[in-house]
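Both complexes below contain chain A, partnered by chain B and then by chain C.
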Partner chain A sequence: MRAERLRLLAGLALALALVLPLLPLALWSLAHGWRFPDLLPQAWSLRAWGVASSAGVLGSLGLTLGIAAATTALAALVGLPAGRALGLHDFPGKRAVLLLLLVPAVLPGIALVLGLHDLFLRLGLTGSTHGVILAHLVPVLPYMVLVMASVFAGFDTRIEAQARSLGAGPVRCFLQVTLPAVLPGLLTGALFAFLVSWSQYLLTLAIGGGRVQTLPLVLYAYVAAGRNDVAGAIAVLYALPGILLLLGFIGRITGRDLGRVLRP
Partner chain B sequence: MTLELRNLRKAWPGAGQPTIPGLDLAVAAGSLTVLLGPSGSGKTTVMKLIAGHLAPDSGEVILKGRTLTGLPPERRGVAMVFQDPLLFPHLTLAGNVGFGLKMRGEPAARIEAEVAAMLARVQLAGLGARRPDQLSGGQQQRAALARALVLRPDLLLLDEPLASLDAGLRDEMRALIRGLQRETGVTTLMVTHDQSEAVVMADRIALLLDGQLAQAAAPAEILRRPETEAVARFFGGVNFLDGVVEGAGFRWGPVRLALDRPGPPGPARLTIRPEAVLLHPGPGQLAAKVRGVTLLGTQSRVELALAGEPLTALLQPAAAEALRPGDTVAVTLPPAALWRLPG
Partner chain C sequence: MRERTRLLLLLGPAVALVGGLVLGALGLALLRSLRLLPLEEPGLSAYASVLASPGVLASLALSFWIATVSTLIAAGLALAAAMLLRQAFPGRRLVAVLVQLNLTIPHVVGAIGILYLISQSGSFARLAHAAGLIAAPGEFPALTHDPWAIGIILTYVWKEVPFITLILLAKLQTLGPDLGPVARSLGATRWQAFRFVLLPQLLPALAAGAALVFAFAFGAYEVPLVLGAHAPEALPLRAWRSFTDVDLAARPEAFAISILIAALGAGLLALHARLILPRRGRDAG
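Right after this comes the complex of A and B.
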């Protein structure tokens, strides 16, 4: 009984922590002017949401989603074999590889951006969506590879030998035995990958050269222009995927789905 | 012969793993052959070479006249059961047992029928919808056996299938494996390091020592007529008598023993199993002094000195109860039980 109540409290606290910072933004998005001493806006308007649902902003939302999805898919494609190698085998230079993997996560973002920008310019990859996707892979891959490495460190390869000796070829063995076994880890890695790509600002700005307008770039433009109402609406849009993903994954992370946590 | 290994070789550059320096072995169709050896003798390497999880440096694996060397595991007709059940955690029990049939592309209705029949045979009827983590250790191991047997493979490989089970379950599983093997007639090669398990289960034992086939024979044969001292020692042989064969007898220090199969005259080494050494009260063939008695459980070990030479006997505990160190007992070494080691 006590454990149930604690769990309910924890669920509520989590929900509050997620929702509270969004509240002022949501209010801003609906305000028709909101001056200082007023606790709440005096007049309301849907004008900001009109801008936020314009073709330009929605296109930007779609682009951001597409870039994050593509980055995640590529990271999974690289992360699966790389994580397998790191998790299952000992080889000379393994520690160096792990260290190098961590560098993008440890390095100050601005240093990373400057170095990458120079490199991407030489390669002619700036100003394009695929260039931005490649650039996003740099901070995203460490998460994916390290998650997959820890998944494979606990993986018994004899289960693959077992599947093969029961008549499964290498492809079916991977799809029907290996993949289901590592799927929970892969989804966790993908969650991180998606969110890290989703929240990139500096990298997108530098590598995209202003031509790849993801949602954070649009959002920042409205903030800089002093349009708090539109910025509020876009910020709500921008925060939504993270919250939805977290709600969807909380079951996997805690071992139960949110409905069961919140049910008294 | 169903399975033949011809001069199978596997060496590891870095060592650490046992090397197979060239193994020849034949397994008769429908038999249960046990590949026996201490840990590190290369048994598991041999299994992997047969199953195709490892490529030999040279030599051939031939199953039913088909050369398997170079074929991937899934195309060998060899089903392997590992030491751990290794059930696929995301599939139900029925899904696990039907996995191989599904890989073969059998129709769903047929898979369902075969799986149900096989589950009944391993006493898991009605549990098909369970997840592996809802099964006990013994049930999981039976499921693993069912999953391999349902394929009716040309060869069934069992890699220490009892090692992960408790003693009680082990006897049950041992009987189940032996029963199912006889019933289905599937040619089986089983690996174990446990010589008593091998003796109980095998039609034929192939003893592997340091990657070499030391002897391959029926259990009774290998126990009573070991080809080398190492083979005898592996099966618990402790009595080795050095002396000289003269005519139909054997001169061992001051003692003369009668032999059934003396062989050519000259220096020889004899062995006799400790349980074949007979002790009896009163005067007998030979007189020996008791040096110590140890209760082992179902048997008692009696250390003797016979004309100054050590000799060990295994007796029923009740028969050894009255013996005290220093007692003199009469000993008989039956001629039929005395075996002259070749070479």
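Right after this comes the complex of A and C.
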């Protein structure tokens, strides 16, 4: 079984490569001094985690969570109906709409950020949390619409017609028939939409103007200051919610779901 | 007619929001790059000065290098990883979960992890010291803040291999019965079965994923911010620096850079749309 052993080795190498960059972050977060050339920290301490659990950093964590949650909720609210229209209907201009929705995904990030800053400045929306949420909708909303379009493309409208013919009103029909049918796709889409907002850096910096200090901005400030221990702790803190969310979902995400939500 | 109203109500808010923000941003950037807003001396002078600036051209070349190399390596490794993960071996489930978990990790976290791993005082340099290969940090090759952007490329490869792998695995699920054994029974070698049967079926998904990776690696800010050299700096850093320059005269140039990058993005958009959107039908606009 030479081939199987080779696959095992390749699998091990892949697993190691995936985990490797995260190890120094975890080690640094617990280090109390870690000079070259020591392979492990000279002493261990929870000092960095003290900073990472201070009111300032936890406030940033809460702000980042709030922005991502609000962006996701708005994107679901506006994106679900649009996804339905695109997934179930053919109409003149559909291709143009799809192209427009692909723009934020395919255009390199920096191409939109400067213009968005100018636009938001004119609208008086820079430097505010709601401005940042609106800006995050630029990558998140099209994403959510495309995911929901793919979900609705596999939706059979005849079950709605049946519910209506049995006397259900439009609201009841949506809540008890349509929503449960699209819910798995909606939740997977929402999870990844949340992560798109969660990982924004330049967009937050540009529109927030330094006044909306989300976790990645705080994290980079510690990297730039050379505080590797605190940066390690905040990096772990910043990566953890996404990891926990995905682990919570992992049994429920099918390969098909995953196929429609992927973004770099 | 009622149908049309209904579609309009369903689609309107999303299209108005995205269209307003995206076209508004691009339109303003275009006007400002042409010095039409505020009206100074309209013309292409910002573009001329950007394209004549050795610094900007070096940044453009660097970002092209970063995006091209990252995309090629990530696509190649992802193809291998997808071929690996469709077969059975002990621990396959664990590896598959790790691949999915990597999707959730923000790029800036990956960049900092790579920095602490491969910088001249990082983990690898310490291992090299322990092995007696180097005596001081400076003797370890500069893999971060280096002219070849090795740290930046490694970060993108680390992040995008799982992304393309999962695209390919999702595509493999939709392909239906595996035709490999059929090709083998007709006399094809393992390589021929892969090269002439499986690969052509995967290529559109691979190319669509690669286009997204190229766009991301070309335009992302935080990875070169953590790992990049000062000169030349990656184009997104350069554009942002011109944009935030105290000298307001640099602003049209920053907008000109962003319009040039948007033009590149339009090319990627055309490629990506060709690969994933259904063919233009009689009813499409």
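Please note the rule applied: the second predicted complex is superposed on the first by the 232 of 264 C-alpha atoms of A that agree within 3 Å, B and C clash if a C-alpha of one lies under 4 Å from a C-alpha of the other, contacts with A are read in each partner's own complex, and residues count from 1 in each chain.
We take it that a residue touches a chain if its C-beta (ideal position, glycine included) is under 8 Å from a C-beta of that chain, and two chains touch if they have at least 3 such contacts.
Keep in mind that this is a model prediction, so the values were computed, not measured.
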| item | value |
| --- | --- |
| First (chain B), second (chain C), both or neither touched by A:182 | neither |
| Which superposed partner A:164 touches (first chain B, second chain C, both, neither) | first |
| Chain B versus chain C as contact partner of A:104, first or second or both or neither | second |
| Chain A residues touched by each partner, larger count belonging to chain B or chain C | C |
| Touching partner for A:243 - first (chain B), second (chain C), both, neither | second |
| Partner chain in contact with A:172 - chain B first, chain C second, else both or neither | first |
| Overlap of chain C and chain B interfaces on chain A (superposed complexes) | none |
| In the complex, chain A residues that touch chain C | 4, 7-8, 10-12, 14-15, 17-25, 28, 36-39, 78-79, 81-82, 84-86, 89-119, 122, 134-135, 137-138, 141-142, 145, 192, 195, 198-199, 201-202, 206, 216, 219-220, 223, 228, 231-232, 235, 238-239, 242-243, 245-247, 250, 253, 255-256, 258-260, 262-264 |
| Contacting residues of chain C [partner chain A, same complex] | 3-4, 7, 9-11, 13-15, 17-19, 21-22, 24-29, 32, 80-81, 84, 87, 89-92, 94-95, 97-110, 112-117, 121-123, 125-127, 129-130, 137, 155, 158-160, 162-163, 166-167, 169-171, 173-174, 209, 211-213, 215-216, 218-222, 225-226, 235-236, 239-240, 243, 254-255, 258-259, 261-262, 264-266, 268-269, 272-273, 277, 280-281, 283-285 |
| Chain B to chain A touching residues, read off their complex | 51-53, 72-74, 76, 78-80, 82, 84, 86, 88-90, 99-100, 103-104, 147-148, 151, 157 |
| Of chain A, residues touching chain B in the complex | 156, 158-159, 161-170, 172-173, 177, 180-181 |
